[in-house]
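Each structure below appears as structure tokens.
Each of the next two complexes has chain A plus one other chain: chain B in the first, chain C in the second.
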Partner chain A sequence: MYVARASGLHQLHPLTKVLTALCLLIAGLTLPGNWTSYCITLLIVFPLSAWGKVFPNLLHIVWIVSLPFAISVLLIQSLFWGAGTPIFEFWLFAPKVEGARYALISLGKIILVMSSFLLFSLTTRPDALMIALKQAGMPSSIAYIIVTTLQIVPSFQRKGATILDAQRSRGLETEGNLWVRARALVPIVLPLALGSLMEVEERAIAIEARAFNSHKAETSLIEIPDTQFQKNFRTVTLVAMPLLMIFGILWRL
Partner chain B sequence: MAFINIQNLTYQYPTSKAPVLKNINLQIEQGEFVAIVGPNGAGKSTLCYALSGFVPHFFKGELSGSIEVAGRQSSQSTLSEWVLNVGLAFQNPFNQISGAKYTVFEEVAFGLENMGVPRTEMQVRVEAALQLTGIADLAQRSPYSLSGGQQQRVALTSILVMRPKLLVLDEPTSQLDPIGAREVFNTIRNMAKDGTTIVLVEHKVEWIANFADRVVALKAGQVLLEGKPSEALTSDLLAEQGFGLSRYTSTAREAKKQGLWKKDTLPVTLDEAVEGFKQ
Partner chain C sequence: MFEKIKKDFTTKTLVLIPIAIAINIVVGELVARLKLPIYLDSIGTVLVGAIAGPWAGALTGGLANLIWGLFTPTSAPFFYVAAVIGFMAGLAGKYGAFEGETPYWVSVLVGAVFVFSLTLFVLAFINVNVDETGYATFPSMGELFSRYLLLFIVAILLGGAIGYFLLQKGGYAGLWGLITGVIAAIISAPTAAYVFGGVTGAGTDLLVAAFRASGGGILSSVLAQGSVSDPFDKMLSFMVVWLILKALPARFKAR
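After this line comes the complex of A and B, so read on.
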């Protein structure tokens, strides 16, 4: 997912970006106010992504992923909301203002989660993250799993598209009403999941063959620049995150 | 004492009902290029895993006999120690990409990082390995943006850069087109010239005839025959078994029956066949 750009955000230490994204996420989900998550997304995450020169990329992914979700949440919440003020009435349908409002609040939180994650992943090289995590004391195997999990999304998309084409060529109907689409999921998801499980063994052998579990002290090809300011900033975020959570819980009591 | 010494090797996977390798005895000298041929299920890949330490360290199962490489017994080493001397590359290039690196240069350096090689030495070794395998121009590309042949060469380079004493290759060209296969074979030839001992499992017998010093034929987990490529790959025994013959050997064998092939020896490659039929 990483997008190479010459920007200040790209130059930041990976852990600074991880902790910033987490901190923004926690702030958006815990601070009082129904529209806080929108404010954080619009006033902090989007400007930061513009600074990182990845704003169009971020917006594109957020739009593509959240649109179907937004439509379904809006429809379900507004149509099936109990008592409330109808927006309009047509035959059996009477969508409620309160339901639509609740759906928009939920959507704001989802957009914040997505855009915080994207802000970090679009501007952070996976190998730099892995090295940073290991330098922070995380075991190599866990750092590797985290990084390859982030990397696996595009790979999954490619494989999914190949399986989809293969099944279509054998006559599988993938377009039509909801029932037809739901039925098509099984012959697509099953080979994708099973194929991925089989790949795990080969990948384990491949990295083992490259001394992954060697007991020697690891070195790294690339150097990750860090500054005292960033170290202090990370300490502040680490303190701020639990405080934000405690504040959010106390506020709701 | 041979560089690789396999004595009475018998192995059974935890999930298999019978041994996959049966009483294998094999000696390979340092710097030798040995090709393994055999039908599906002959135990070729298992033998590769045994040489590279994954049998039994990774797959577990029951193993008897011994595998010795460069004076060290597999049973007395851990897998992490063993892989420092023995490199393994296999069929699917995509699954050999670590997934944790952004460029080919960094991908190739992955093993060296794990081995704790200092940064300056790492850069020198990666550059040299990329030159040897002819992929220096791909250094700054993403490993995922490459073709299958290019990815396979990256996988080979990633092992080569670790400077293994033995390189085990399990059908490294099986998923490649002829151009990709040629690229990979040229890379292997360069490694062999460099003095690396090579064990290669391969079905492309014409290529084997051009590159290998010796051929070992396996069937049902046992060594059927071994010898020089020109002799082993034209033997009656392989012809009876129906594998390991090139189309040129089969054609010349039929021609010989009808008196159209005059030479005493049968061809393996196109050039040998052309020369023989001219006579």
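After this line comes the complex of A and C, so read on.
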């Protein structure tokens, strides 16, 4: 996901970026007003991504991922809205203005969720995030889980493909009607799961031999630059998030 | 309490969790490649719950969705649902749902009761009456029975067949999966309706459309869609995990 660029946004402390993204997300979902999420996306998230020189990447991914959502939500909510003002009537179809409006509001929230997540993940190196989280007091076991997952997924995808090919070469049908395809599932999933469970012990011994259970504080080769301003900013976002949520709930009561 | 939670997390459990998350992702992709109309993207989560207890299962589920959210941001808001699924799998494991074999009649009963109540739920939903003030009244059960008697008989027979041929000797695991699916449907519906406007961009949206067309509100349509597809999906996931655990060599289970 990470896109290496020389920009001010890339140089910010990873936690500053996580908290900013979360804060924008919560603000967009809780603040009153139907079009708030569009405003936040257009006025804050997009300019920030331009500052980080990843605006084209962000726009591209948001476009690809949100397109099926957009089509689905617009069709379903406008066509099946129930009572309302029709935009036009054609045979059985009478999309409603109110439904289309609701769909656009939902789409704004979807785009905000995606773009604020991407703003963070496009500009933050995963290993820098892990070091920052560990320094902030997260248990190193959680960091281990996240880093290892990111590393082993590609090798598992290869393993899955190998098993699929192997079973096919033994005559397993993976195309045809639903029943044929459904029956192919167990012969593929079982070897994958069993084979990987066998790795567990080896890996456990390997990390225990490297002081995984040590309680001493770890040191890191990579220094993560931080400033007093960013620290203060993070405190502000941490206070702002629960306040935004409380405000959002009270406003709707 | 805290000590008890900590006991769930041995080094082996911590090693198991990333592998389980990778299994979730890869099996989810394989299912999509086989073009099956289900997700099956929580097999790893259920596996950790069954092997290492509810808290490890919950952590696996939550982290799986958050990590996967880095690639497909839309799965991240549902992390709490995945955590609950892992927790339920852990409870199921504690009560022995993944051990031993279920008698066939129990599996048949589980299937029949489930498909029967699903039919009842969907029919009640389709036949709901909304008056001018927006107040919804559900039809009485007796009314539904007399109108759709044949459909109910078919549902019970179909459920029994599902129990006999699909659940086979894994009836208890399947039952826990069904319960987990119902809970998952209920707790994920508000997020799906509020954040995503009731759609997922996947094939299940057709169900949402069908329920909207029959007059349901947004939240209730999402809930109805979830109650139809989630229990079935989780039942299959629990079943697959039951099969995996059955095939595991005794040496692994002993640890």
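Definition applied: the second predicted complex is superposed on the first by the 180 of 253 C-alpha atoms of A that agree within 3 Å, B and C clash if a C-alpha of one lies under 4 Å from a C-alpha of the other, contacts with A are read in each partner's own complex, and residues count from 1 in each chain.
What we mean here is this: a contact is a pair of C-beta atoms (placed from the backbone, for glycine too) under 8 Å apart; a residue touches a chain by one contact, two chains touch by 3 or more.
Everything quoted here is computed from the prediction, not taken from an experiment.
Of the two partner chains placed by superposition, only chain B is touched by A:221; chain C is not. In the superposition on chain A, contact of A:189 is made with chain C only, not with chain B. Which of chain B and chain C touches more residues of chain A is settled by the count: it is C. In the superposition on chain A, contact of A:144 is made with both chain B and chain C.
When both complexes are overlaid on chain A, the residue A:102 reaches chain C alone and has no touch with chain B. In the overlay built on the shared chain, the residue A:203 is in contact with chain B and with chain C. In the overlay built on the shared chain, the residue A:152 is in contact with chain B and with chain C. Using the contact criterion defined above for the overlaid structures, shared-chain residue A:125 touches chain B, although it does not reach chain C.
When the two complexes are overlaid on their common chain A, residue A:211 makes contact with chain B while staying clear of chain C.
Counting contacts by the rule stated earlier, residues 126, 144, 148, 152, 199, 203-204, 207-208, 212-213 of chain A appear in both its interface with chain B and its interface with chain C.
On the side of chain A, the complex with chain B involves touching residues 2, 125-127, 130, 144, 147-148, 151-152, 154-155, 199, 202-223.
Taken together, the chain A residues at the contact with chain C in this complex read 1, 29, 65, 68-69, 71-73, 75-77, 79-82, 102-103, 105-107, 109-110, 113-114, 117-118, 121, 126, 141-142, 144-146, 148-150, 152-153, 156-157, 159-160, 164, 174, 178, 181-182, 184-186, 188-190, 192-194, 196-201, 203-204, 207-208, 212-213.
Across the complex, chain A is touched by residues 9, 11-12, 14-19, 21-23, 25-27, 29-31, 33-37, 40, 43-44, 47, 59, 63-64, 67, 69-74, 76-77, 194-202, 205, 208-209, 212-213, 215, 218, 240, 243-244, 247-248, 252, 255 of chain C. For chain B in complex with chain A, the residues that touch the partner chain are 52, 54, 58, 79-80, 83-84, 87-90, 92, 95-102, 105-106, 109-119, 122-123, 126, 144, 155, 158-159, 162.
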